[in-house]
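Take this structure first; my questions come after.
In order of appearance the chains are A, B, C and D, and numbering begins at 1 in each one.
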Amino acid sequence: MKLLKAKHKSHGGVHPKYRKNLVQDMAIEEMPLPQLLRVSMAQHLGAPARPVVKKGDTVLRGQLIGEAAGFISAAVHAPTSGTVKAVTPCPTPAGPQAPAIEIEPDGEDRWDPEVEKSAAARDGLIAEFQKSPGAKKDVVLGIIADAGIVGMGGAGFPTHVKLSPPPKKPIDTLIINGAECEPYLSSDNRLMIEHAERIWSGALLVRKVLGAGTLRVAIEENKPEAIAAMEKAAGDFGGEADVAIVVLKTEYPQGAEKQQIYAITGREVPAGGLPMDVGTVVQNVGTTYAVWDAVVNARPLIQRVTSLTGSPVSTPRNVLARVGTSYADMLAFCGGTAGDVAKAISGGPMMGLAQASLDIPTTKTTSGIVLLTPAELSVYGSTPCISCGRCVDGCPMNLMPCELSQMLEAEDYDAAEEYNVLDCIECGCCAFQCPAHRPLVQHIRQGKARIMAKRRAERQAAAKDES
Amino acid sequence: MTDTEEQLYIVSSSPHAHSGDSVRRIMLDVIIALLPACAAAVFFFRIDAARLIATCVAACVATEWLCRKAMGRDSGITDLSAVVTGILLALNLPPSLPTWMAVVGSIVAIAIAKQLFGGIGYNPFNPALVGRAALLISFTGPMTTWSNPATLTAATTAATPLRLLRRYGVYDFTPTMATNAFLGNIGGSLGEASVLALLIGAAWLLWRRWISWHIPVFYVGTVALFALALWLIDPQQNMPPHFHVLTGGLMLGALFMATDMVTSPVTKPGMAIFGVGCGILTMVIRRWGGYPEGTSFAILIMNAFTPLINRATRPRVFGKKRSA
Amino acid sequence: MTEYLLLVVGAVLVNNFVLTRFLGICPFLGVSKKLSTALGMCGAVVFVMTSASAVVWLVEAYLLVPLKIEYMRTIAFILVIASFVQLVDIALKKISPALHGALGIFLPLITTNCAVLGVARLNVQFKYGFGKAVMFGFAASLGFSLALVIFTGLREKIDRADPPKAFQGVAIALVTAGLLSLAFMGFAGLVK
Amino acid sequence: MGALVTTASAIGGVGLVCAVALALAARFLGVEEDQRIEEVVDLLPGANCGGCGFAGCADYAKAMVIEGAAINLCAPCGAETLQALSELLGRKAEATEKEVAIVLCGGNATSAPRRSAYNGVADCAAAHAVGGGDKVCQYGCLGYGSCARVCPSGAIELVDGLATVHPDLCIGCGACVRTCPRHLIKMVPATRVVHVLCSSRAKGPVVKKACTVGCIGCSICTKLAEDNAIRMEGPLAVVDYSKQFDHPEIAEKCPGHCIVRHQTPNTEHRASLKEPAGTS
């Protein structure tokens, strides 16, 4: 197995304090079933799933409880066996409430017999797929869709949609993203260390589905153990052509899709475009593992590894927990807190979402829960921009966040649009460095929302004019 | 979780991490970077240097405090930016300047050039330079009377190299004179004197990444090339390039005034254009203008161009074609 | 040639119409909010000032002086300039209604713009010949344009600034113009 | 005398030449423009509130004259303006009933607690976008004053962390309605006296936890109000503003304390416009 270095370096980037040491050496631990699971119907981008069970129903582990409501949507399955206590609105990490199914586990954790039945038939199916990928491709995509797999890196884009690019956009490169550039988090790292072989198998399956030639696994160089494990496991797949691990320089945001594609292939995803526009698909390692589990074991996505970390956590851990476990239960599994908590973040500190409370269930995209002490906080202020230009230097999209933020403060949306505010990936490199502590990302987010709303309104008006 | 206000989690937009830099830290670094120059000034000009630096800093801070108070806003003096302005203004003054004039300069710098616009970040022109330019135009005599460094003879008035040039035309700029100019053993404004001390300070700022090399290098480079061209055309009429680089306020301007982040461009190509513009204007004023020294005016004029330069040098956004 | 160069440098930098002679402040403040509008205004002013210099010179040389009615200079000049501006106004409305709308009231204001009248009177005062008079008008309008473009850039920054209440709006714009003027004093002595 | 004639004829000649030139220019370059547009602009209030659906008063004026847009779309315009417009354009239109904005939320800093400490841009939409807002109630007024900032007449005031409309200052443009990220503001006929100041779609027990003045969905008011003037929309009582009704005890009988009854309806139009921004 060759270890490649990234050939290209995109503009900008920052070096936050990674603090990965809190959890990077902690083996993944499976958490016992909690008293109650609340499974949200909105764990992905797109339309929330439609509940197909009602209060009082008995469900089995892996049973479908929410069906995909549209093309860009994803199925949701029961994480364990038990009774449906309610179908009721429940907060999501992003804030707005969404319907959720409350399940009281019966403690038996019985698999849905359907799952076990189809698992038995999988060996044959995989052999057939290996022989003639074209013929069985749709079957595999169907399995991925039925398993409710979504991008587990954070965005939660339904994976079967991502893996079905239109025929006009052939994919030649698949990148498995193990960069995990977010500080603190280590779930992908642990997954690579402990399940390297499964990730490779999953990656090869995905490559077959896409019909791509090149397969790269991208890992930042601050994860030597993961690189070694993946390298070692790759030995088992000796015969595979054009497979390599790319070691990325440790820098945030190397894990951002567009920047990673550029670093590895030198291709720039066009503004407003998608990776498939440059013949590339990027897949998170967690998602790849889930694909393997779904295709080989017929298991839907009902659990994930979450790094529960931060200095106020008594024993930071990488927890394998069922989807729908509340943050508070998870924290209790990690021994609770030792010290004041000022901020609770769902995800990493650079792009994660601050939470008002820990009484909130995990989803398929909860890669980490980070708690910060009051001393570790950075407080946003509204002091004026001093034009130091650090944000301009640090922006991986080559934007001018300082100008954008001032334009948006003055509500000059046209100017901001002209300055390409819509291309912002909200990575946070600008606000991370801003010596004036300006809420740059928030200004930009607001501006983007306003401009998108305006465009929608214009489209609607145009449609009305035509009719 | 209880409902008491203190225990509510703080919720904000991402990112939740910060590099820890602050405006105050920047200003502190600039002050540290100016210390060698201040020390050199005190070494060469003794009590006069100390008097002017203390006066300007005190007057600037006091003016800032009063302005904030009068405008009914939070006191801005804790960000230390007024201290920086005070030191920079002092370094731009001739050692023999009366104290009250230094106070007037400080008031103009802080009250008119900075606080009228709303304080730090909003000022289009470098406050210290506005203070200096206002003094130069109002009190041309005292602003162009130079005393020799205490390390030289006890003569009370002397001429700076640029004054000499203006008055007597081209003269022989010997290596000894060049060395003295580099060390600071010549007449001039407090901070014009020691190029060495300024370079040491600028190295600190570069290392702390608060300034980038673009403006100083392009500025000094343009001056050197311009001077070289003139000198090659007619050595009888023009001084050699190293004379122009080492004398006057060029180094102070290029390293500390032109790099003032509020009033200079944010993009790297913009900084290059800014530096080149400053360089050309400095040489045009030095060679053909009415004032012996053009650094402050050159930088002030380029300050005015900064918004246009920023606009013109917008970086190419990732994923966009160059022409778009 | 050198003579003309000095004339241009003098009118653009050293004795800039706006920043040193303080002429044409009205459109300078009024049309400096958007770069595209400012550039349109520059075009209009360059046209009016250059051609007005020429026509006014002719009027002066072939009408006022021979008839010895130089005392009617101001009235005659205003008459000619007003007609010129009106002409630009009509033409602009036809060619670029958007720019016409953006310039708004400031276009007719060129009529009474002291910069245009000023250049005509200065031409007489400096006793320039026809060529020099036209050149001076052109250079003066370039100076106006330079000042206006710089100021438009600054205006963007000032509009986002946070001055005390009494200084908001035109007041702080005038302070900025004053500081810009201060900076331009550095050019003093370039042309003796 | 001779000098006078010379002067007069010289200047007159110059004038004549200019006049002919201008006349020619007007003849060949002139653009026709409807004079009435400017007259209409002068009639409009110049608040540029956008309530009519056009981009400012000038745009609406153009639309009225050229495209024949309805002349009664301007909310801040009083009856006299409408009359004047009608005379000028020769078109008739019914005056619309005067409407004022009302914030359908009563949860101020005391009655509706916060669930987190928000740190960021002081703007309601921004606060709402970060984790769904910092109030326990997911529907109530966030109190960052975005509506007050867009109000062209300064009619909205933040009272104890709650946006409150002064009906006598409201010009009825609806800018606040479009701004509120939680859609709490509604334009209602100025003559209505009974309002349910709650917009929570949550169920009773949830509302009770979130606010002391929220609608708990008991539906008592719907029984008191004749002619279905208040009806239940899920767990929330909603006033049907197309109906004029009053009940002397309705406010006291509301166990959720979210119904208010104004004693004096606001029919007078006392618009006091803020100085319109941006005029030279």
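Note that in this section a contact is a pair of C-beta atoms (placed from the backbone, for glycine too) under 8 Å apart; a residue touches a chain by one contact, two chains touch by 3 or more.
What you are looking at is a predicted structure, and each value in this text was computed from that prediction instead of being measured.
Distance from the centre of chain C peaks at A, each centre being the average of the chain's Cα atoms. Here A-C and C-D were compared by C-beta pairs in contact; the pair with more is C-D. The distance from the centre of chain A to the centre of chain C, each centre being the mean of the chain's C-alpha atoms, comes to 60 Å.
Chain A and chain D, compared by their mean Cα positions, are separated by 42 Å.
Separating the CA-averaged centres of chain B and chain C is a span of 33 Å. Counting partners per residue, chain A has 353-357, 379-380, 384, 439, 442, 445 as the residues that reach two or more other chains.
Residue positions 8-13, 118-119, 122 of chain B each touch two or more of the other chains. In chain C, the residues touching two or more other chains are 160, 162. Chain contacts in this assembly form a complete graph, since each chain touches every other chain.
Put simply, chain C touches chain A in their complex at residues 159-160, 162.
The touching residues of chain D, when paired with chain A in their complex, are 115-116, 119-123, 125-126, 129-134, 138, 202. Note for the complex: chain A touches chain D at residues 89, 91, 94-97, 353-357, 379-380, 382, 439, 442-443, 445-446, 449-450.
Those residues of chain C lying in contact with chain B across their complex are 35, 149-151, 153-154, 156-158, 160-164, 167, 172, 175-176, 179-180, 182-190. By the touch rule above, chain B contacts chain D in their complex via residues 3, 5, 8-13.
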